[in-house]
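Everything below concerns the one structure shown next.
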């Protein structure tokens, strides 16, 4: 129905930010971001939007690995722990997936495995035979 | 208490993404992003994380313009309309601000003034005399 | 396509809680809750779930007044100001409505017009000719 | 610092709705709601606000079991599966707790253990020695 590798492979924003997709399939995905100076905010912490971008890639890869093209409609992110560098990981898994709506939970952790942020995303699923949202 | 210009001026992620702060003060802020190919996702739409990044700058600028250092703790974003190019604007305003917690609403619109996304962010405010979160 | 009065008129939970629908139509609605002791929490404040219930009725009435049966899929609520009694009002209006997804913003205010909570709800719209979610 | 049993025992809204606290301690809690006609909405499904109220009690009990008085500031709820009756359970656990902010995840399930809703709540924690929000 769609090819998650093609969609993510063509994701120019994720590439520009430096996010790498490690794996994706069956509603799950894992991504990585090696923190550099360009990922910091004005308080020298990793930028909330960089953390969001990392989680969002895991969300997009997870949501597009289940037989439909998925487009984000709503996301909640909670910032748990401030980080200043190192490598961050995002892991996504399905919470619930119906014909039209898929909900995914993504956890962002640091190298020590400590929780940095939680992200829950809801996507609209567009089957091949369907009209737009 | 803090200097919003200094905090935003040192925001390396926003600079790397290409987001410009247009104005900030009294809990309000306006930012702009001229869409380029590097802001697109794998479906050739403006990336949800690029839209988030734009809104987040308006949030950070608004929240840091009211006498305390503000750090995001929770954000909800709803994606309303897909866009493929042009210039996007984010405008932030306070919903409610108490001593420790500030909530701000940010609207992202396109050049025609049509709503692209709504973003509500909650920040923890750290007065000068206070300990951390 | 549906009758908002019939749906809300049959809403036994809202009735049990004591919520009154004041008006509904064209994606907008207004509801009221006169606070009694049974609406308080263990700290003698109006219960967050009572405030949610009030906002939710305005959401349901607004979302079901636009030509489709609407079912809530996701809600964010922010509690702005604690209240201990009096009368609360909820006013809902559309943020964006597409064929399948409707997003509504609801403001809860007290008798003085001060903001008590903000609520944003996303509903799945089921047109007459469509299958389930 | 506070007594979760006292706070929940005095929760008149939860009592009026018929929600029972099964256990609470160390940031965790479990609550139950036996569905009756008064918990239904106008479409004969369990009302979203009744589900919210159940989850909210588990949230309040979890958040008030960790050495501070906790007041909800922001909640996100996603409705996963419609239910028409039976018994619902809510289980809450901490996502992250700092001095001032506690985040808790609550899962609502039916008798078969199937997920009905996910709820994430953020509470402001008021230590004994502190001023208000």
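Some points to look at:
Residue numbering begins at 1 within each chain, and the chains themselves are lettered A, B, C and D in the order written.
What we mean here is this: contacts are C-beta pairs under 8 Å (C-beta built on N, C-alpha and C of every residue); 3 or more make two chains touch, one makes a residue touch a chain.
These figures come from a predicted structure and were not determined experimentally.
Across the two interfaces under comparison, C-D and B-C, the one joined by more C-beta contacts turns out to be C-D. Here the CA centre of subunit C is 19 Å from the CA centre of subunit D. With centres taken as mean Cα positions, subunit D sits 31 Å from subunit B. The geometric centre of subunit B is 28 Å away from that of subunit C, both derived from CA atoms. Shown for subunit B are the residues that touch two or more other chains, namely 73-74, 76, 78, 122. Contacts between chains leave no pair untouched here, as each chain touches all the others.
Those residues of subunit A that touch subunit B in the shared complex are 6-17, 37-45, 47-50, 52-53, 56-57, 60, 69, 71-79, 82.
By the touch rule above, subunit A contacts subunit D in their complex via residues 76, 78, 80-81, 95-96, 103, 105, 115, 118, 120, 122.
Of all residues in subunit D, those touching subunit B in their complex are 73-74, 76, 98-101, 122, 124, 131-133.
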